[in-house]
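The first chain written gets the first letter, and so on, giving A, B, C and D; residue counts start at 1 in each chain.
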Amino acid sequence: MAIALSAITMLVLIVLFIIKEGLPFIFKIGITDFLLSTDWEPAAGKYGIFPMIAGSLWVTLGAILVGVPLGLAGAVFLSEFIPQWAMKTIKPTIELLAGIPSVVYGFIGVMVLAPLIREYLGGPGLSIMAASIILGIMILPTVMSISIDSIKAVPNSYREGAFALGATHWQTIHMVVIPAARSGIIAGIILGLGRAIGETMAVIMVAGNAVKLPNSPLDSVRTLTANIALEMGYATGMHRQALFATGVVLLIIIMLLNYIAMTAIRDRGKKK
Amino acid sequence: MKIKIIPLLFIILGFFTAYSSCGKEKYTITAAGSTAFQPFAEKLADQYMQLNQDTGVTIQGGGSAVGIQSALSGAADIGMADLVTLPPEAGSLSATVVARDGIAIIVNLKNKVGNLTLEQIQGIYSGVIKNWKTVGGNDHSITVVSREAGSGTRSSFEAIVKNISLTKEAIIQDSNGTVRETVINDANAVGYLSHGLVNDKIKQVSVNGVPCMTDEIIKGRYILVRPIFLLTKGAPKGKVKNLIDYILSSQGQETIKSSGLIPAK
Amino acid sequence: MEGDYKFRINNLNVFWGKAQALRSISIDIPANRILGIIGPSGSGKTVFLRSLNRMNDLVPEISVEGRILLDGEDIYHPDVDPVKLRKRVGMVFALPVPLPASIYDNIVFSPSLFRIRDRKKLNHLVETSLTSAFLWDEVKDRLKTSALRLSGGQQQRLCLARVLAMEPEVILLDEPCSGLDPISTAAIEDALGILKKNFTIILVTNNTKQAARVADNTAFFLMSEMIEYGATEQIFTMPRDKRTNDYVTGRFG
Amino acid sequence: MTVHPRYTQTIAIFVLTLLTVLTLAVLVFIIVFVFGKGLPYISYDFLFAKPEDMGRSGGIFPTLIGTVILPLFAIIIATPLGVGTAVYLTEYTRENRITRIIRFGADCLAGIPSIIFGLFGFIFFVTTLRMGWSIMSGSLTLVFMILPTIIRTSEEAIKAVPYSYREVSFSLGATLWQTVRKVVLPNALPGIVTGIMLSIGRSIGETAAVIFTAGSSLRMPHSIFDSIRTMSVHFYILAREGISNKNAYATAAVLIISILIINLISYWMMNMFIAKKTK
């Protein structure tokens, strides 16, 4: 009880801290000006973060498009079609990848991926596409390893029941196993999503950080996190409050995403 | 219950070692701030500690604003900042110029442009000049690489070039090293960085006909130059003063010069 | 129906949410006998059984009214600790649920909760419980292997032995043989026949023949009500209620 | 709609195989790339000598120590807190508005960028509590950062323990706490360990939060109130400031190897544990 409360208090503390530092600023600037203006020039007193909001959403969406199908497919394949002994080497390898620092992924993005994109697809290379792919790869291990755990946790009797009713292995997987493991899989995706939208260093390295609304996946963007991290070291006064306010917006976006995900789980649960 | 006692023991053990070693700890000076000056500060600190065995010097990065803030809050004894003009909140701090640093304009080795005027630089960074053709290069659009808002290098650069309203197409990189990497990798890129970090993988262009070289800076002919400040709360005293004096001594200034920075005077 | 009564139950009503799961049940259960409870699925047998060791407490939607006396004490009295009650009233579930640990550890699970640490005593307990559950000979050489490797019938006898090791006074069995082969079923029935010397046994079963074979007394539950209660012989040969007759002769359900 | 299930199955398995191979290929490429560029420079001296000239030459020993100590302290503090909270949420409270809010909060916090934790740590621990840039500030900040992950993964693992196990435990006279300790936690352990592994990984790989709180001093720390630099921060500084690419790759390779070793140890421990239960 005391433990739970202290952990929760710690978490609340952080949220309050961010809100206290950031919220007054938003009201001072005006919510619409802050959220919808496309001009970010702290030196000139212009604080519009719309390009960063767009940037974060694009990059996260891209990461999900790359990471979730791959991660889920990998998890299903590895837990349903691979013998136990092979799994014993593959799963640790995946978890190993979850531990590789994001800066290493970012560095590989700069050294390998960005030049490829610049060469073959055009643009500056440091772009939404580069960031999406790198983030997608980064969240792969998280999505995969948690999905594997929850697929493994589905009792074998469910599978046997489905087989006994004449289902093929694939039907069993998508009609019985995945629905049963859904809660865990979604938890994995949410964790991955959180990691993608919250990732800072790797994104700074590969996204190019230009403050503008992107026109194509090959354009350079700046995410909300990058905006905070890039300027935090220097910012003082209003500028620093603006960065905390960026943090508040980020927090709200994350809450919205989680809320949507949770309603999705609940609604699907009701239909059953 | 077993589960909980073990970590507790660890924590207690941690505190114990902390306090037991606190007793024999020597005096430590902490300096924090400018990432551009950090490498040189490390070097100077090493030399200083060779001479003064009783004093430890810890160098932290974080950026110029961290330098100012930590000097103000007392988190660091010395704040390091590399801005042309210090922000108003640094007014209460005592500032000592210990070195100067040239800002070099760099392009890719394949680029044939060798000189830019201040007006051309202003035009490129404001997004008015979009093609290398306009300034005597090949027919390629320019990839503008700049630093993050608040960066000491960027604010100094913009303060000297004047009237830059940075083009929205600009790629933003958060350190000298990455600006350099970006320009190395992109044939159409232009960037600026600390003079000491120019290497042979990139090409440095002259500004108004003057190359960015130590001699030219000392003579005052190269104009993109910014000072590096050490900030202290009140006038430096005791060990801190001792350290700053060492940096300003001929030996310290020699180190600064040999590492690629420009001496204070 | 002579002798001491272990349980005396008076006007027991159980509600599951708004629905009534048991309707004014009154029954006295004699000690050292086997009570068989029969009835179709959904008649309230399991809910009744779980009221006796307060397992129903774990389901927030369930509320219990009425009096259940165990040796004259109201088990729903606020002073009664359900944990201590459950130690006196053990339970075997319909599906065998061995904990994922060794056979030995499954048996000593309960004793070790009560701080019995003495190896010799534990070993002795393991042997006697497994023997009483007719399982000792089959597993005595592999007590340290996982209980999950046993067959279904062996697992259910392990669960019985696990309850015995707790040294309870009453054993509740909730359709313990529903998934088992005839040989395992026979083994469990034999074990119960011997165990009743030391325990009061309440056996819920879907299998009326099983009740006829092992129970001393039998109660018939239908639609949340207890229709009839009496000596097993009487229930099966001269039921007073027509519905009982229909059920035991297999005419419905 | 009318495609025969067998064909769907064949197509599905084909697609799955393809995606899995692609995934594994990408992941293997990353490891091979880093090892290829970094392994040749790793030597005894590189690991155990002190860095010279900002890391341009010399070794990485102090950062090795930092990488071990910082996550270790963080995990030691965060694990009991996180698992305890998960147990409390799943076993001691009924599902209600408050537990949902807490869970929602934990989910959201899992998504907060580490830079914010870094900032919080900098202002709260480093300046307000005057711990300075230190091992202490760094590991406490990491505790905040990994707590949500540990809570959520532990909760999932605990929920996955079959309800029947709990019933059995209660019916054998166990109290709630005994049930949690002897039945629920042991059976949830693999999932909990996965969460802890993820958190260790995240702590080791963290740059933004650490650089602001533990600092980036390259010297050997003498106490937990000294600043320290972890390998990730070292890598970041080497690579970003263009100090030395080859030392950066070598540091990354060492990082991956250390994570490998940690994972192997935890797998070994977990296998020992599972073996004890099923042998």
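Note that a contact is a pair of C-beta atoms (placed from the backbone, for glycine too) under 8 Å apart; a residue touches a chain by one contact, two chains touch by 3 or more.
Note that the structure is predicted; figures quoted are calculated from it, not measured.
Enquirer: Could you tell me between which two chains the number of C-beta pairs in contact is largest?
Expert: Per-pair contact counts point to A-D as the maximum.
Enquirer: In terms of CA centres, which chain lies closest to the overall middle?
Expert: D
Enquirer: Among the chains, which one keeps its Cα centre farthest from the Cα centre of chain D?
Expert: C
Enquirer: Averaging only over C-alpha atoms, locate the centres of chain A and chain C and give their separation in whole Å.
Expert: 52
Enquirer: Hey, how far is the Cα centre of chain B from the one of chain D, in Å?
Expert: The answer is 33 Å.
Enquirer: Take the average of all CA coordinates in chain C, do the same for chain D, and state the distance between these two points in whole angstrom.
Expert: Roughly 47 Å separates the two chain centres.
Enquirer: How many Å are there between the centre of chain A and the centre of chain D, using C-alpha atoms for each centre?
Expert: 16
Enquirer: Spell out, as numbers or ranges, the residues of chain C touching 2 or more other chains.
Expert: As it turns out, chain C has no residue touching two or more other chains.
Enquirer: Residues touching two or more other chains, restricted to chain B: which are they?
Expert: Expected reply: 35, 62, 174, 178, 181.
Enquirer: Residues of chain D that contact two or more other chains, please.
Expert: Only 80, 162, 239-240 qualify.
Enquirer: On the basis of the stated criterion, which chains touch which? Give every pair.
Expert: Going through each pair of chains, those in contact are A-B, A-D, B-D, C-D.
Enquirer: Flag every residue of chain D that touches chain B in the complex, lowest number first.
Expert: Listed in rising order, the residues are 53-54, 73, 76-77, 79-80, 126-127, 130, 132-133, 136, 211-212, 215-219, 222-227, 237, 239-243.
Enquirer: Can you check the complex and tell me which residues of chain A touch chain D?
Expert: So the residues of chain A touching chain D come out as 1, 3-4, 6-8, 10-12, 14-15, 17-18, 69-71, 73-74, 76-78, 81, 90, 92-105, 107-108, 112, 137, 140-142, 144-146, 149-150, 153, 155, 167-171, 173-174, 183-184, 187, 190-191, 193-195, 197-201, 205, 224-225, 228-229, 232, 244, 247, 250-251, 254-255, 257-259, 262.
Enquirer: Which of the residues in chain B come into contact with chain D in the complex?
Expert: Listed in rising order, the residues are 3-4, 7, 10-11, 14-15, 17-19, 21-22, 25, 30, 32, 35, 38-39, 42-43, 56, 58-62, 70, 73, 75, 174-178, 180-181, 197, 199.
Enquirer: Taking the complex as given, what residues does chain D use to touch chain A?
Expert: Against chain A, the touching part of chain D is residues 5-6, 8-9, 12-13, 15-17, 19-20, 22-24, 26-27, 30-31, 33-34, 80-82, 84-85, 87-89, 92, 102, 104-117, 119-120, 123-124, 143-144, 147-149, 151-153, 156-157, 159-160, 162, 190-191, 194, 197-198, 200-202, 204-208, 231-232, 235-236, 239-240, 248, 252, 255-256, 259-260, 262-264, 267.
Enquirer: Where on chain B does chain A make contact in their complex?
Expert: So the residues of chain B in touch with chain A come to 35, 62-66, 68-69, 87, 89, 143, 148-152, 155, 158, 165-166, 168-174, 178, 181-182, 185-186.
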